[in-house]
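In the part that follows, the structures are each spelled out as structure tokens.
Both complexes shown next keep chain A, but they swap its partner, so chain B is in the first and chain C is in the second.
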Partner chain A sequence: MTDTLTVQPELIRAKPEPERSVKRRSKGRAYPIFRVLMLTLTVVLFVAPLVWMVMASLKTNVDIYDPGKTFAFTPTLDNYINVLSRNNYFTFIFNSFWVALWSTIFSLILGVPAAYAMSRFTMHRSAMVVLMARIIPGVSLLVPWYFIFANLKMVGGFGVLILSHMFVALPLIVYIMISYFDSMPLELEEQAQVDGLTPIGAFLRISLPLSAPGLATAGILSFIFSWNNFMFALVLSGANTKTLPVAIFNFVSYASIDWGSLMSAAVVVTVPIMVIALFTQKYIVSGLTAGATKG
Partner chain B sequence: MKRHSVRIAVIATAAILAAGVLSSCSSAAPTGGSTAASTGSKTIRVTLANHVWTDAIKAKLPEFEKETGLKVELSQYGEDQLSAQYNVKLNAGTNEIDVMMYRPLQEGKLFAKDGYLANLSTDVKSDPAWGWSDFQSGPVGSTTYKDKVVGVPIITEQEVLYYRKDLLAKAGLKVPKTMAELEQAAKAIKAQNPGVAGFVARTAKNAAVTQYSSFLYSFGGDFIGKSGKSAIASDAAKKAYAYYGGLIRNYGPANVSTDMSWPEAMAIFTQGNAGLYTEADSLYKNATDPAKSKVADTVGFAPMPAGPGGSKAYNVPSWALGINAASDNQSNAWKFVKWATSKKLTLAVQQAGVPSARTSVWANKAGTATYPADLAAAIAASTKNGIGHDRPLVIKVPESRDIVGDPLVVAITGGDSNAAADQASTAFQKLLDAEK
Partner chain C sequence: MTATVAIRPTAWKTYSAWANRHRKWLFAAPAMIFVGLLIAVPLAWTAYLSVTDSQGSVRAPSSFVGIANYLKVLGDTDRYWPAVLRTFTFTGGALAAELVLGMGIALLLWRPFRGEKWVRVAILLPLVATPVAVGMMWRLIFDPNIGFANQVLRWIGIPPQPWLSGQATALPTLMFVDVWQWTPMIVLILLAGLTSLSEEPDEAARIDGANAWQRFWFVTLPLMRTTVVVAIVLRGIDALKTFDILYATKGTGGGSFHEVETLNVYAYGLSFDYNDYGTASTVLILFFLLIIAIMWMVTYRRKGNRS
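After this line comes the complex of A and B, so read on.
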């Protein structure tokens, strides 16, 4: 059921409202005002740091600290030029993208059939084992991992980064997909099998296409988690395979901090993932409402 | 059927684990060894912190590679990220790092105790022309562990007084030479210039410890007494706590945060919102560079004002180069260390604004030509009377800084700093006892 959670709050809010306003007029007026206030407050709280980040990325280092120039300042693109041309940021963007992409793809390939099996054959204890991977803090695994991968001569390559990010992505995907498959009517597959498909055929041809919205949710979330992951990449990446969150610290030196470049690098890290999230969010929601459960 | 598969899984897991343990034992890296003859690969893997020093060295790397025919693979990280790396990688006995830039005072003792740093005692003495005796004794003391040299100091740091020439002139005051004059000047500047603080310095309990240390020494105290016991509740220490806290409380910025490290304190100073500021000299470019500072034209430098114990600033090696004891490329790694710390390169790096640990470079006029004259003089004074540490010399440095810094915050917020010092001293003594 968790897959429909994202739409439920809106449904709940949209429907009972007219009833309430009929019953209690005074409260009917207070509620929208309260709602607008709270929404504004939330938006301001969430957006303010982003706005500050974008503005700081367009300022010089002296202006960033000047409270008088918070909003009125002469914008400059020097920071972006510094980040993108002089610091090889395109390499780091590619690294982040490459690692996120493949760790998501491999996790989907492994995780989705696993989730299907766990859902259909009620293997809840196995599901618990997968969940363990989420419970164990990643830090505690870093030393053994580093030891193993260093002996395998894999540290510094993309392989180890993809593997380590799969550690985060796989349990996530399995859990999202278990609940998705749980909510999918068994009759669809039984019908398919009656019509002559094998169980695997039913999974591939019926369940999998119908679970596209769930796959999208799981895939996007795992992509975002990988994109933002700092800890694993810090230790396991090499000079040429650094991902964006690690590379950002290039602008923090022992005796000087280049805030302007730091902020523009942060914008470079944040913008792609926000764009992806904004566009795909629409897809997820429309996908959910057209889901198989309503079919 | 189910039981059966579970059993197989358990056996298989156990077998894999056992095989892993066995292979790890047999291939365990040698630790604590010296730079014994090892041919090693032609590539040296060097891990450095983001620092002006690193930038200067990076620019010269092609020369080294040409001279020696070796290849340098450089990884660079921020200070905290570097620390996190070392903790994981060295703990796992990595041989992927050959040369490592580390902080002798922050982690030196820990790394040396754990055998991560190779013994360089014979290497440093192998070439008189390179000149080990040329390095200042204070910093060398910090890169020596149990009479073994484990690192070569590359960057030193002293505490100096940053001040605004215009504000002092306006108040008709001379540059403060004693703690009493410093307080007087701070008071006058605050009174004459609304919105401008008389004095600013770090206030976060962990970050402020190093900058407070010079006050502590100048009041005649230290963190650890001669007997090896906690000395942070001594009369001198209590006076120093109250003085440092009082300066910021009475003449500091309004509503001062107790979470300021150097970026915040420096920002207040460089925005023109404070008259006096005690800070590490290695940060001076933040104040003198017009691209970062609004007071670049009016900033002056002076030695730490003298307290009852004299003017005693710290003079410490903030960074050093060490060689990973588990590296199998130690002789080539030493070649890099030797080159990077040679007289020629040290001079070039110092000219780029990084105070070095070599006496000859400081004696050389070219070595101080790029510094503001008053800063060079202040550094010279601090080097002469300097104390070789700016934080408690223990293994658990971060914890000890939290303990020792606590009374500072109490003093800044107007609490009873004497009681806080007594309390901190008890906790600090416990930490010292546990490390014995």
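After this line comes the complex of A and C, so read on.
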């Protein structure tokens, strides 16, 4: 009697359960495993080519041609020494850095107040004018640019490179900062104006300091886009103002490709940007996804 | 002395009041003028060049030819129309693959898990890598003789492929490279959209007995419509204009059979390798109109859907 009493409730409770519980448990186990496998596969597919590039940059050209030495090889820094010492690479690194730095600074100076006004006064059409720079194909402007700036004796100098890279950076900054200012509450500025600041004063002393994360996002992304830009520098740079992407491209215009050096040159251009990206991940993601979730 | 001291604050005040009254345009105008000048003047010039037979140097004498260039380009089934087709194939194919893969990966990343940070870092790396360097990297990986791609094929017993050097395989290979580099951007945008969704509709559907696929297709995806459109617009514009990886891997003319020559590569070659500015400008104006038309259609459809 006591036995049946203790067993029975379990039987009753178990009756409607089996199907669901089995289903749920099997699904509950399968999905996490599937997820881990797929995520691992994703990471491998995205990272492996980069690892391959770094490995090739550490091989001699003989080893690159030897399939037996795909993974087992004696690493050497010769390619890096070759690239950095023989090909003026430090000049190109400096050029890329210098152009990216100043085009970012000038674009922030022009773009942030513009984005502020466009956000606060909802100037959609004016914003479109700036964003046109992102839509229009760069090639369609390059021929006139080349001849205008050649007349001004600017082709081959830093000025024209900075200007052309600002053309890339400015719409990006305006786009990011508009969505940043849109999400910032008006109350603080209004309070500051009640307390006696002028509207411009409220922008400079309240909104601007508060938008520091947005400024960091816009600044980092515009630096990266300028650093990576190829087409404008390909046409507008001179022998002394060549940026890294152009220098890498020129590497292969010769008859046979020196793969080891080419890969180490590619590593030299990508690794600084990836290191920046590692430390500023949060900002980069928020910049790339700016405006993605609003209506 | 006293006069200047008395005047300066007033002058400053007048200026400050003026600046504050006109701050809207004082703030917005410099950026707009900068972009406007860099676009309007060159675009007008390009439009002008497209009705001339300008060649060699834009300062060399050229004559007005009316719409002759447009007739020539629009009747050019040898280079122009194949380039249009390739532009659309490249953009459409790469974009479709990026959206499907991007949505899949975004769903995998959606709910928090341990090591999330590292996966996010990993997918950010292709995104920030310099496209020219990426092109060179894949050029080595896809090298028919020494590349890793063919080595893998040999291991699993598939005959080696020509990849970038094949006339039929070059464009798909480059679409793959584009997918590798830009799927992460779609992932990030879609993930931002997913994270901003409220959990209630999904929860309600779960209680009503909807399975995972039904919940995705009938609940999550419709809610994500705006985000998906934003992703398509942002990525689509850039994909149409792809230049770096095409030029870095195949060079002038998109290879010896023009197998990867898109509109952008074609126009660049006409401008800077052949110095045929008349034809180049015509191609560019047509390309520009095409992009504007696509943009207009997408925004028009969006507005139409919402109302």
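Operating definition for what follows: the second predicted complex is superposed on the first by the 250 of 295 C-alpha atoms of A that agree within 3 Å, B and C clash if a C-alpha of one lies under 4 Å from a C-alpha of the other, contacts with A are read in each partner's own complex, and residues count from 1 in each chain.
By our rule, a residue touches a chain if its C-beta (ideal position, glycine included) is under 8 Å from a C-beta of that chain, and two chains touch if they have at least 3 such contacts.
Fair warning: this is a prediction, and the values are worked out from it, not measured in the lab.
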Request  = Kindly say whether there is room for both chain B and chain C on chain A in the superposition, answering fit or clash.
outcome  = clash
Ask   = Does the superposition put A:Leu108 against chain B (first), chain C (second), both, or neither?
value = neither
Message = Touch test for A:Leu142: chain B only (first), chain C only (second), both, or neither?
response = both
Chain B versus chain C as contact partner of A:Thr60, first or second or both or neither = first
Task = Kindly classify A:Ile162 by the partners it touches after superposition: chain B alone (first), chain C alone (second), both, or neither?
result = neither
Task = Report for A:Gly238: first if it touches chain B alone, second if chain C alone, otherwise both or neither.
result = first
Query = Now for A:Ser256: first (chain B), second (chain C), both, or neither, which partner does it touch?
reply = first
Comparing the two partners chain B and chain C, which touches a greater set of residues in chain A = C
Query = Do chain B and chain C land on any of the same chain A residues, and which?
reply = 65, 142-144, 147-148, 235, 249, 251-252
Task = Name, in rising order, each residue of chain A that touches chain C in their complex.
result = 35, 38-39, 42-43, 45-47, 49-50, 52-53, 56, 64-65, 67, 70, 110-111, 113-114, 116-118, 121, 123, 126, 129-130, 132-145, 147-148, 163, 166-167, 170-171, 174, 198-200, 203, 224, 227-228, 230-231, 235, 244-245, 248-249, 251-252, 259, 262-263, 265-267, 269-270, 273-274, 276-278, 281, 284-285, 288-289, 291-295
Ask   = Along chain C, where are the residues that touch chain A in the complex?
value = 16, 19-20, 23-32, 34-36, 38-39, 41-43, 45-46, 49, 58-59, 104-105, 108-109, 113, 118-134, 136-138, 140-141, 145-146, 148, 151, 180, 184-185, 188-189, 191-193, 196, 226-227, 230-231, 237, 240-241, 243-244, 247-248, 263-264, 267-268, 271-272, 277, 280-281, 284-285, 287-288, 291-292, 295
Inquiry  = Please output the residues of chain A touching chain B within their complex, sorted ascending.
reply    = 60-62, 65-66, 142-144, 146-148, 150-151, 155-156, 234-235, 238-239, 246, 249-257
Request  = Sort out for me which residues of chain B touch chain A in the complex.
outcome  = 20, 23-24, 27, 49-52, 73-79, 81, 84-85, 88-89, 91-96, 263, 267, 270-271, 280, 282-283, 285-286, 290-294, 318-319
